[in-house]
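Each of the next two complexes has chain A plus one other chain: chain B in the first, chain C in the second.
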Partner chain A sequence: MKNKRLILTGLIIFFAIVTVPLWYNLFSGKKPAAPELEYTAKAKAAKVCVEPTAFMKVNHMELLYMWRESVVRKGERTYVNSNGKKFNMSLTNTCLDCHSNKDKFCDRCHEYSSVRPYCWDCHNVKEKE
Partner chain B sequence: MNLNYLFSFTVVVALAMIAWAGIDVWGLNGLFCIAVPYVAAILFIIGFAKKVLGWADSYVPFRIPTTCGQEKSLPWIKQNKIDNPSTTTGVVMRMFFEIVLFRSLFRNTKAKFKDNYRLSYRWEIFLWVAALAFHYAFAVVVLRHLRFFFEPVPQFVQLLEKADSFFRFEFFAPFFKIGLPGVYLSGFVLLGALLFLLGRRIFLGQVRYVSLASDYFPLFLIIGIAASGILMRYFAKVDVIAIKEFAMGLASLHPKVPEGVGAIFYVHLFLVSVLVAYFPYSKLMHAGGIFLSPTRNLANNNREKRHINPWNYSVKTHTYEEYEEEFREKMIEAGIPVEKEQ
Partner chain C sequence: MENSRRMFLKMAGITAAGLAAAPALTTLASSGPGEKHKEKPVGKVMNNADALTAKHWGMVIDTRKFTSASDLEPIIEACNKIHNIPKFDDDLKAMMFSSDKKRHEIKWIWEEEFGHLFPDCENRYLAERLRHIPFLALCNHCENPPCVRACPTKATFQRADGIVMMDYHRCIGCRFCMAACPYGSRSFNFRDPREGLKEINVEYPTRMRGVVEKCNFCAERLAKGQLPACVEASNGAILFGDLDDPDSDVRAALRGRVLEPSLPFITSYNNMRWSCLIQR
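Showing the complex of A and B:
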């Protein structure tokens, strides 16, 4: 074909676009490290969340959804975890009691992975005393 | 049953099992998480460049557009400027609509015997609909995955995510939970369109007759990718933060094997790697080929302009004037009319 130069230009542009993540990460000098979560003194003292950490990492959103269902629809506020321990089902009074640093706990991962939970459409974050 | 699709299906299942066994049984995390994706990327780039440069090297001595409308003719005959372009602008328009809207596929027909074995052709739009749905859904899914490669996540990716999760589906029963994290429509459109395209090949006799294993394989492979992705996002959840850390590591050439991520992720990653590596060596290369199709990207101006064959050698000619000059006397003697008497 006589448009060889045009084809070559197109090919180079295509490869440049496809490899953008590589160039961006190589030259922006950003570390690929995951964000560090800060645990409050209370969370550190408790050591474990309502369920084991591995479960909470991937399933906390479903747990919160079930809590909401239970509280709002059934009026049932007691959660019994896998170890038989009882908790008050409340985002504001249970979760945020330990993790009172939302911006350094919840938000860090959510921003890193571009997740926009709708919890905060309704829930207030308590002012720090 | 048909050997072609059975074979492709078996291969895809085997690939998924290899990925699972490679991680969970043999513990080859480094091979499957680092070596395989890089090799796949290199194979993709080399294969893609080779194919396109090969096409660029082949001669197109004559213009061979397949036209679908009135050619440019006398001034009072209306030309179809897109379907039978005679200018570069027309060709650009034609290519644009072909690539963005699959214009030629829109004309798809199906042949069927009507009453009394009368052959009739019907307009059949669903192939076009499913193809368009598949390609756009796949594009959205691929762009959404950029969230794993950029920190901070680009604005347009976030916008895309918002649009994609506009409809909120939440269904939580004890045995079937879906809805958190938010449902992206594109993933399900992708899977649905793929299943339609596969069903078409399996259940329509004429299409099955012309389908080969290499037609089924990409379908099963992408179905595997979409299914494992959907499974991973909504059902067998995995640690997204660890995965993003891993993806960013790959992209910044400091790869690190992710820890504590479910096996389904490795299956997804391996199938994607296979797709990427397989891409340039298969029918999927129509992605590049569409731009270089001589039946599409040439203006139909065969009669308007002179196109000279690039490998023409210089032909030794003997024009009529020269001929007459040579034989004039003999021609006059024989009584053959000549143009010049002298």
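Showing the complex of A and C:
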């Protein structure tokens, strides 16, 4: 191979630059700042969401999928959670009734994780408190 | 490059090292611990306790009670308001008689002339009166809906109680259903409907650009134990009930009627809008 040394140094520099974010995360000791969610007074007072908070954080989209399927296609609109409490399955009328601060609750996380759910193209956002 | 045992072992070694490094890389790339696998919710779903239910929802419109467009207006308005049906003012400003006036029109329940609604009943001896009376038109919620057969994504489907529904989440906007519907009951959102809404009923979603929409027999109201908006606004001119229940209002209204154009009591119910023909 001609110019072996040049090519190899070039490759090493290239990989070093490409993997900078990885090394930065590893050695800077800083954790990526997780978005801070604000709870409305109503959400604070209620303390628990439809399901336990830990479950909702990871799986709220699964729950919403289930709700959507059930409401639209089966016409069944009441959700009975693991504690036997009943909820009206509605994004605007139930979820956003408590979390009426969409921009400080839904959007913060969605922006952080770069997901763009298209819920709001149709579903309305309740007036802010 | 020479194929040798030495070369093969080298390559195998590099591959193994790469595979071993993969999990380390994924850890570095992830946002830290705490990422869990998705779980399905454990709760159960059920019908609302106060929901109105039927085996076969049907609607009867007593057309004798409507004599002018102003009789229909509050009914249409009630539906439009509740379901966030847009009206595009800039279209309405188009030239008089221009078809542009209606090019973005969305309609769930609307005013129609007799000949368009009952073309087979129209003839030259038709009572003159009928030519000048407006009629209400809406989705028939057909028993064997052609739109459902045409839909490639099952975005439109028929519920067990006969209501033909739209699942806007699944609609890809191909408009096959519009071509299939013989009654023109479906409208396509060429524009973002929110542009044409002055007031939004927050409790009911709007649609987005690129989906087809139509009347849903107020499925969302039935679930809350309310009658459809048009029925409520009609002062008894529109009946709504279970066609499979012989004691229901709708069945009582149909019983013993001979439906002739000269007797303009024209029913518009689930499976046969053309009851004037069928019952003749």
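Rule of thumb we're sticking to: the second predicted complex is superposed on the first by the 107 of 129 C-alpha atoms of A that agree within 3 Å, B and C clash if a C-alpha of one lies under 4 Å from a C-alpha of the other, contacts with A are read in each partner's own complex, and residues count from 1 in each chain.
By definition in this document, a residue touches a chain if its C-beta (ideal position, glycine included) is under 8 Å from a C-beta of that chain, and two chains touch if they have at least 3 such contacts.
Note that the structure is predicted; figures quoted are calculated from it, not measured.
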Open item on the list: Looking at A:58, would you say it contacts chain B, chain C, both, or neither? Reply first, second, both or neither.
Closed with: both
- [ ] Identify the partner contact of A:24: answer first if only chain B is touched, second if only chain C is, both if each is, neither if none is.
- [x] first
- [ ] For A:33, decide between first (touching chain B), second (touching chain C), both and neither.
- [x] first
Open item on the list: A:98 in the overlay: touching chain B, chain C, both, or neither? Say first, second, both or neither.
Closed with: neither
- [ ] Once the structures are superposed on A, label A:111 by its partner contacts, choosing first (chain B), second (chain C), both or neither.
- [x] first
- [ ] Report for A:15: first if it touches chain B alone, second if chain C alone, otherwise both or neither.
- [x] first
Open item on the list: For A:122 in the superposed arrangement: first (chain B), second (chain C), both or neither?
Closed with: second
Task: First (chain B), second (chain C), both or neither touched by A:4 - done: first
Task: On chain A, positions contacted by chain B and by chain C - done: 22, 25-26, 32, 34, 58-59, 62, 66, 113
Open item on the list: Show me the residue ranges of chain A that touch chain B in the complex, using the header's touch definition.
Closed with: 1-4, 7-8, 10-11, 14-15, 18, 21-22, 24-26, 30, 32-35, 54, 57-59, 61-62, 65-66, 69, 109, 111-116
TODO: Would you mind writing out the residues of chain A in touch with chain C in their complex?
DONE: 22, 25-26, 31-32, 34, 50-51, 55, 58-59, 62-63, 66-68, 70, 72-82, 88-89, 92-93, 113, 118, 121-127
Task: Parts of chain B lying in touch with chain A, wherever the complex brings them together - done: 45, 48-49, 52-53, 55-60, 146-147, 149-153, 157-158, 161-162, 170, 172, 177, 179-181, 237-242, 244-245, 248-249, 251-254, 256, 260, 288, 291-292, 294, 310
Task: Sites on chain C touched by chain A in the complex - done: 25, 28-29, 31-32, 36, 38-49, 51, 157, 159, 161, 165, 167-169, 200, 202-208, 219, 223
